[in-house]
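In what follows, chain A forms one complex with chain B and a second complex with chain C.
Showing the complex of A and B:
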């Protein structure tokens, strides 16, 4: 007998898994989501946050572009609070770019993307930072910024309200079978090591770049090529709208303004394992150089950190390489393909089209389960309730901005001054057992994502670990140090100017004023960090082999 | 403008150098580049907390430790400055603090062990009297006290760590919280707001009452965030001890640090009141050198550039935060001579993989002569009348060994001596 039972187990807590979970519960199917780390801690949370109008794909990947158009419009309806309607520009800065323009315009027409050529002077009036290199500008109003953390949390919370369960830091380590039919999964808690079995009628593998590892547990192959992309975060937005280079998609050709920052994206390098994502200096340099061709101020703005994400490109068998590969997705019916009933994988795709991916795979699984309820995720909004949590991203109104009528609100205490996170924004999550680390708090609140990179809020959050959660001093201090170390891993790749000076302040505060380096020695004899890098077992790397 | 000796800097290094010149009867001008963040982080004078960046064993006698450090590392900035500079400079500082109305204590012969805001014992040397009762070599139980809605000192975190780490967990450490009279927890207030409130006797007595009622152990000492007064801290601390009926000690909080504000504001004002000329908020960005001497330095002051001519110059910046050097992606230069101090193929090379390990970038600076002159690759001074103190000196990394204040005093004092002899 399994420890617990459900209808469907969804593996993977990124946007796809969260979308699948919600889709299942909207169709009345009982489901549990398991995720080996935190929600949105893999590909989704490390995306640049560009809600694609489709303009980027309309020449080379028309099918993907059309999906972007439709899904972008749906997300603006159902996930209003996760989307910032920035609009976007496609800009030409060279002769080669100009040669691309007619193909781009034609692609937009074919895909149904609204696109308008505007005079460069008009564009510069709207975006004063546009570089003098810019020759031609197309306005694409349906580019936008999508908050990937909140998108996943919104989907998951919506599903939870309908009875779904979410288990983070829970890794699937095996399956139980009844003949050729899946009857459940065996999971292990990443922290406690506790093993649990979940009985179910079907399993959906929504683990993106990790799909191959899950499928391998059943001795079947799913060929997903992990392709690394590096991004650089600047401390200011620089532009109101997303800026895309009008050319064949390549490295360093987008600048995405999101909330208070701008993100320079991105590179494309095949990697042997989705967790081996080294940030190379030539990538960081390229992003800054290329970004500067489109926007002034990229080279002089404060770079806060660099980070790397991984695309889960599905190998459709073509000879395509990296960025040439389709951003399209596929549902793999393992019952039909491999004779394993009750197991389905959803692979490829991108955050913009997560909902459609979820719909397609859920259609198949629901049909197999005999459920005929149609998909409603394109109509039912994520925030179909009216309580405090849905207001999380409406902070400016609550932070003491003068109201046009009535009383002015007092300036409230802030836990993270850089990102305007209030103590009560964190309080909710301190109570959530799915939240294990301070990084998890960051993903949900943006605490620690500003210029000081958690120097100040890490102390306050460690304090709350003690006061709100009752953890011991050792655990709280370790959590604080781990949070700072994770931030540090991004900061050290943009280590010049203001961010170098910031690091000196962080070190003076934590090592000199607090003496935390000595506090840590109690648990980790020096040298700290030895043997902690990477964290990927050698056999895992080997198992993937060379793509 | 023309000056006798120009001192550039915003931290303790520059203050000690300026005071040394003033006491020797010279006419220094202090060129203050502006508020540095370190200003908010200073609390005590750490002279030498540990012999190296990784040992867990604190130094008991800092002056003995410094002698040993010099013997082991003849290139260390402490070796360049010399033990005498540390001793004479510390005496000068302690006298000055007294004269400026501070109440500080400590001796180079012994480190104190004081709990930090994370509840970590930290060796330090010269401290405000208001911190003294925190010495962990004393045995009375400690009660860490916090305030509702105040996030910059978390008594529960400090207690949780210290209870286990202090003397093998054999001492009593607890945490309490009280609400503050008239302070709404849903309104933003900072350490500076609180420090001002504590200067109000009614407010202070009310807080003392609340604490007296909350703390059950009559023999305990109270560990408080350092918010006991902004300008009248000596009185506030003494009164508060009487009013609570407990020994009270202050603990530095996350920035803005009231301890740092008190120290720097008052020392700078004292210099001005005693006749030292200051040029405010003017970073220096160029030095003119001819025939091996610096003729003048150029300041960026409000709206114009200002040259300053002096017989000698002391570059007494603390580190990258206040502009001791400037880092591009590959090249690090000093702000005066635009001399290349370091070059790196990648910015990440400047760092260790862990924030909590010694950082290569921290040691960037000018190679210096025995007289603290910045020198070129051949060992010749860039300018014979320029002297470096503080973070501009190569190999200057006070973080891991906890020596920021002591290294500032020793190099600031020594550079002043050399400048006077130039």
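Showing the complex of A and C:
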């Protein structure tokens, strides 16, 4: 007997999994989402946040471009609080770019993308930061910014209110089968190691770049090519609209202003494993150099951190590599392909088309389960209830939501001063069992995503863990140190100027003033005799004799 | 992996004094006199660099909390990253005032020169009104000026008209002797400011006397209000108008003529804010010629040109360093000068801002906060029980007199006494 039973188990807490979970619950199907880390901690949360108009794909990947056009319009309707309607520019800065223009214009026409050539002077009036290198400008009003964290959390919360469950930090370690039919999954808690079984009628594998690993548990193959992309976060938006280079998609050709930052993207390098994502200094340098060709201020702005994400490109068997591969997606019906009933994978695609991907795979699974309710995710808005998404504060003015720095907020105390996070924004999440670490709080509130990279808010959040969550001081200190550690992983790639000085202030504060490393050694002493700072190994003592 | 190749990042240069340089060290918040006195003020870090990230020139400014900043600039003095914190706050205040309009009170307080001219012309009447409880109550209700705040006493004879009739010492070059080698005759232009002109003519007379005693020719160019009352009352347009006029007149001075100010805030405007905050063309050149009176006298002393033939002055005084003096970045030259005088025992009261900040503490909604900010200083002054408190800034002197009930004077007052002037 399984510990719990449900209709469908969705594996993967990225945008696709969250979209599938919501789609299932809107059709009245009972579902549990299982994620081995936190929501949006894989590909989705490491995207650059560009809501594609399709312009980027319209020449090489027309099918993907057409999907982007449609989905972009739907998301603007249903996810108003997660989409920032910035618009975008495609700019040419060289002769090669200008040669690409006719193909770009033709592609836009074919895909149905609104695109208008505007005089450079007019563009510079609207975007004063446009570089002097810019020769031609196309205005593409349907580019935008999509907040990946709120998108996932919004979908999941919407589903949870309709009865769905989520289990974060829960890894699938096996399946139970009844003949050829899947009858449940076995999971293990990543922290406690506790194993649980969930009985179900169907499993949807929405793990993106990790799809192959999940499928292998059933001895079937799903070929996903993980392609790394590096991004650099600047501390200010620099531009109002997304800036794309008008050329064959390549490295470092987009600057996406979103919320309080601008993100320079991106590179494309095939990697052996979706979790091996080294960031090389030359990639960071390239992103800054290329970004500076389009926008002034890229070199003078403060780079806050660099991060790497992984694209889950589905190998359709073509000889293509990296960017040549399609950004299209595929639903793999393992019942038909491999004879495993009740197991379906959804692979490829991108954040912009997450809803369509969810719709396609849910259509198939619902049909198999005999549910005939049609998909309504294109109509029912994500914020279909008043109390929904109270946490979504960082709304631009045109959405009619309070601005983060609105008058009413300006006199309230803050936990994270860089990103204007108030105690009440954190409180609900502190009580949510799906939230385990301060990184999880960050993904839901943006705490620690500003210039100081959690130097200040980390200790305030640790204090909140004690008051709101009731953990002891040791656990809170550990959580604070872990949070700073994950922030550090991104900061260390941009060590120059202000961020270098910032790191020194952070180190002085936490290591010298708070003495965190010593405290942790005291709280969690490493086992003696293993040469990890926990005492002198016995053989070393023997070698030199007693003091 | 950190390699030497990272030097290629050297072309990535951030702007100086920019908001980007803030490392959130919070040093500014710890010195902010307002943040220390009220919890509803988030402090310079939040209102300066942190809010600046969110400000968009094309959108309405969020003004809540901005008006609580008193403009003392201690945050800028303290910032280890040299962020122009107060300047960001000031710009936002001004933009907000342009969008939302300003009150009659703030308009009036910005036009200090106009008010003072009127007060001076009607001196006996104005002074009577300013001390009449009924009139003050009316003033509080109608204009918003706190009834407990003592207002400056106006003088009918202005410094400007006194100086016109002032008998200059005979023009004879000082003897070239030892210690004065190469010292040509110096000429300074005195920027006296509205306070000396309409309220404390005596200070101006003392400044002129001290300078002339040292063989320095004093000229008084025509001048306008320095503009700081307009700046702090969110009227940069007016401040800039004044500034442009002053810069034009002061630029016309012959080369080699230094400019002296006896008010720290006027001096700071001329030295720094004209060029930076108000971006007045030519202000950088004018600013480089401006000295605070005590700074200038100390420089004379270091050059061996100051007449140190002082009469003993037997007094024990406290010295309060005004916040804007700290912004000059010149240390406390007044204290150094006073220590040259036999008999003078001078001690610094190191208790921070007095709280008045020009017109800030005059306003009905700020009066209590202003007194709370200054309370530490008042206590220290009362406890010390000395003859008087010296401060280079006129509004600091008003506040100390009001809050601690002590007498106050500009440091030049002691210096003039040591030279035998009364």
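The criterion applied here is as follows: the second predicted complex is superposed on the first by the 501 of 547 C-alpha atoms of A that agree within 3 Å, B and C clash if a C-alpha of one lies under 4 Å from a C-alpha of the other, contacts with A are read in each partner's own complex, and residues count from 1 in each chain.
Simple rule for what comes next: a residue touches a chain if its C-beta (ideal position, glycine included) is under 8 Å from a C-beta of that chain, and two chains touch if they have at least 3 such contacts.
Model, not experiment: these values are computed from the prediction.
Once the two complexes are laid over each other on the shared chain, residue contacts for A:428 go to neither chain B nor chain C.
By the document's definition of touching, of the two partners only chain B reaches A:481; chain C does not.
Touch criterion met: A:285 reaches chain B and chain C at once.
Look at A:516: by the touch rule set out above, it reaches chain B but stays clear of chain C. Looking at the superposition, the partner that touches the larger set of chain A residues, chain B or chain C, turns out to be B.
In the superposed model, A:302 makes contact with chain C only, not with chain B. Once the two complexes are overlaid on the shared chain, A:236 sits against chain C while remaining clear of chain B.
In the superposition on chain A, contact of A:472 is made with chain B only, not with chain C. Legend: residue contacts after superposition of the two complexes on their common chain; A:414 is shown touching both chain B and chain C. With both structures placed on the common chain, the touch criterion links A:451 to chain C but leaves chain B unconnected. Residues 281, 285, 410-411, 413-414, 456, 495-497, 501, 505 of chain A contact both chain B in one complex and chain C in the other. Those residues of chain A that touch chain B in the complex are listed here as 279, 281, 285, 400, 410-415, 423, 456, 459-460, 462-464, 466-467, 472-474, 476-477, 480-481, 484-485, 488-489, 492-497, 500-501, 503-522, 526-529, 533. Within the complex, the chain B residues that touch chain A are 37-38, 41, 43, 46, 49-50, 53-54, 56, 116-122, 149, 151-152, 154, 156-157, 159-165, 184-189, 252, 254-255, 257, 319-321, 326-329, 345-348, 350-357, 359, 361-362, 398-400, 402, 404. Chain C makes touch with chain A in their complex at residues 1-3, 5-6, 8-15, 20-26, 40, 42, 45-46, 50-51, 53-55, 59, 62-65, 81. For chain A in complex with chain C, the residues that touch the partner chain are 235-236, 260, 281-282, 285, 288, 299-303, 397, 403-408, 410-411, 413-414, 417-418, 420, 450-452, 455-456, 495-498, 501-502, 505.
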